[in-house]
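Dropping the structure in here first, questions after.
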């Protein structure tokens, strides 16, 4: 090919709750399950610690997709945190869609500490989805682009 | 004046001295090892830490110091905390000088000076004290009344003890707010001490310190017979541009960064009481 | 109506029920009306007005006013009473220090609305049945009141007062407002069309913060956008991202608490239809978590501080085409 | 006097835009605003744009300087690229005057080179008003809406656009488009001026005057008890300052882009509570002081420093845009009794 196009590798931010999903990611690692290295995990004490601003700021700083992982509903370490997170994220994602921003760039998954395989599969699937969407253009901050 | 007023120069912090628990003095030179610019006593400079912010600080060193500039800075906000955390060799940005400075070439000539300072208020007046000491033939005697919360909070204590107190041309009166072990000097607030010392009313007064000290000291001076036209102070307001344009240091028709920070009290009477 | 209100206010001042009256003050051109506090009967006679241009929702001023000494009389239109209840729910107003007089509202207009109809040089406005007769330096024009109404009044949700100590006039009913029609229309567009629509609107924003400062739900002592420690304090949107972020977060912070009073859109100097963002949240909440009207009652739990175990999953967003 | 028939206006714009960037007031999503001209774009029929024309010289945000920080060292980068020549067409008399007020801030020593640079490269073509609004009071400040200032001035009649140069810049512009213009007498323009002036005389604010303000009333106006009630309903938003053509306060902020620091300046408002907030205190404690500052600055402080010229041009934007309809006219009229 005369002009080789560099393959697009999306930057993914994954907010993972300390008690389930972060442990799930650990398990995926110890079981040697692979998922793309472009997923950057940010550990949070609970999925409900994630303010809508965190999601937006991740996009501002160059993320192409943002995923939030927490304990399964009913299993929250703090009893009810993920129920609140669920409502918040539903409304936020709906609003992003309303503004015409690709809804597939955001996702919530419930991953328990025992679900290493699910964690890896989720990340692989999410990365594939975002790769297909291409670079985040609609929620980018031009100043943060190199 | 610098034609690119808003673009700073790089300054290198060569030495940092811990003065008191919350005040440090920073020596700054340019990249070439020389002073970044010349200034007049009482003028200020904009120091900044890129990414943190910019702040206006009075230049503590005297213009007669030809090697470097000094800034005595108290830790109280974002930029100052960052400055306090840094190590020698760190580069910062600097622009200036800003403001009018003290009238050392006009009103102060030949006069006996009385400097009243409280706490970090010594920072801007140290410049004028040392300038007048270095040019003592042009000025009369210098009396300094300086107070702070405690002995440990006296800024530039070493210089005061070693140099100022040994200067035949100077009288230094120190005071601290509360009794303290190892302190045999005066104890009490500055305004009261001023009244006790009963300085000669022919002196020209330079005052800088917390607003409450200024308020009561001024009242005390008036009781002693001083006139407002004899008393100078230097102001602090929020500043962003330093060149009289951004609007926030505006008091009446004056811009503190450009028309100030040094004002005579009779000039301040003509301004709205908004400082 | 105005006369009745002034008389009642005077009575209440005289008998000591209240020591201040919060109402509207006349301006230069009939339509430029300013909220004001009146302390004496003379002041009421001089400046108090109530007419079709008194759009300001007075309930937010009560946050500040109830911190002062004495009881204040406030005139609230039906939609203002929802904001009032919401503020009570959030403990922002001392109910003991307010005397609420509910007043009817036939919908409000504004100088800006008249001007958007091409009317300029206004020297006087009078009401004639269903019409406004507008005198201008260029001659007289007549405009149907219905056409001049603010967007929020064209889709008025309720003529019913949900809070009052006394009413002047008859109370109305909750209306079938069709207020979500425009939201539904946007939802039916393609994402590209929506994106283009909102970029066009939000890029007009000058970040004056009027929408935030006027909002009766925005009563934080320090807004996240003013807090230097929040990392997103901004005075101006230096990038399109910041325009989007400000408006998403502004709407999100009042989601579930917004009573849809429409002040945000009324005050926007750039005429950005900000209420559509709020209504999107309200519509989603209604559809996903059951109907909820913020401020309808005091003490209800807002949808975002509530949950049920079988709430829908966020993935519903992927499957709701045209919602 | 030179003229061009209105049906050729599009080709006139095309001709200017071919040589330099051209901005005209046009409608976007129902809002009149200045936009870069593209073939086919129509001028708005509205009296004036919502945002003033100050953006051309003093944009809402602009990068001042970039820093690259690595370890203890800092590199300073001037981000400016060459400023292109541009023409702003159709500026009203009030906005044209606002430039000379901004000049008195930005072009006095030390000169603001960012502003100066844009000013040098910009040519202002003003447009006489024909349908002033009730919120207009430019005559209060000696502005003639029927014959505005500017590098060149235009009059738009039913069928033609008349144009006249006032400065060298204006002449240079007209020179470039001279072949398209034809000579004409000025009877149509004179008729329009007379008609406009008659309307101006009938406006509700025709007799509004600020005579009583200015330097020596400073403390009297400042200490008036009326500020408390005037500012009572103020929301503390920045609408008035941001739509104002003469408000020039700004903030300087740093933004960390992840690969460098951008120091930018953006409009700021004296109405905001953090405008004067310092680590060491707040000189303007309540909204009353902030509100007072804005009007005192325009009516008293600015004239005291600038030979009596007021910091207001009477464009009326704050009158129509303030969420609570409090504005400089109400303030001035109310204070007048105290002076």
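To keep things simple, chains are lettered A, B, C and D as they appear, and every chain counts its residues starting from 1.
In this text, contacts are C-beta pairs under 8 Å (C-beta built on N, C-alpha and C of every residue); 3 or more make two chains touch, one makes a residue touch a chain.
Remember, predicted model here, so these are calculated numbers, not experimental data.
Undergrad: Count how many hops through touching chains it takes, at the least, to reach chain C starting from chain A.
TA: So the least number of steps between the two chains is 1.
Undergrad: Roughly how far is chain B from chain D, going centre to centre by Cα mean, in whole Å?
TA: For chain B versus chain D, the centre distance works out to 39 Å.
Undergrad: If you average the CA atoms of chain C and of chain D, how many Å lie between those two points?
TA: The mean C-alpha positions of chain C and chain D differ by 30 Å.
Undergrad: Need the CA-centroid distance for the pair chain B / chain C, whole Å please.
TA: Using C-alpha averages as centres, the distance is 51 Å.
Undergrad: Specify, in ascending order, the residues of chain C that touch 2 or more different other chains.
TA: Residues 228, 238.
Undergrad: List, in ascending order, every residue of chain D touching at least 2 other chains.
TA: 251, 253, 255, 268
Undergrad: Give the residues of chain B that touch two or more other chains, as numbers and ranges in rising order.
TA: 78
Undergrad: Output every touching chain pair, sorted by label.
TA: A-C, A-D, B-D, C-D
Undergrad: Which part of chain D faces chain A closely enough to touch in the complex?
TA: Within the complex, chain D touches chain A at residues 255, 257-259, 262.
Undergrad: Over in the complex, which chain C residues touch chain A? Could you list them?
TA: Residue list for chain C touching chain A: 183, 186-187, 191-199, 224, 231-232, 238-242, 244-245, 248-249, 251-252, 255, 277, 280-281, 284-285, 288-289, 303-309, 311-318, 320.
Undergrad: Could you list, by residue number, the parts of chain D that touch chain C in their complex?
TA: Those residues of chain D that touch chain C are 28-31, 33, 47, 50-51, 60-61, 131-135, 199, 202-205, 229, 232-233, 235-239, 241-243, 251, 253, 255, 264, 266-269, 272-274, 319-321, 323-327, 329-330.
Undergrad: Quick check on the complex: what are the chain C residues that touch chain D?
TA: 27-29, 31-37, 56, 61, 111-112, 115-116, 120-123, 136-138, 200-201, 204, 206-210, 212-214, 226, 228, 235-238, 263, 266-267, 269-271
Undergrad: For a test of understanding, state which residues of chain D touch chain B in their complex under the given definition.
TA: Against chain B, the touching part of chain D is residues 64-65, 67, 69, 72-74, 76, 78, 105-106, 109-114, 215, 218-219, 222-223, 248-254, 256, 261, 263, 265, 268, 270, 275-281, 283-284, 289, 293, 296-297, 300-302, 304-305.
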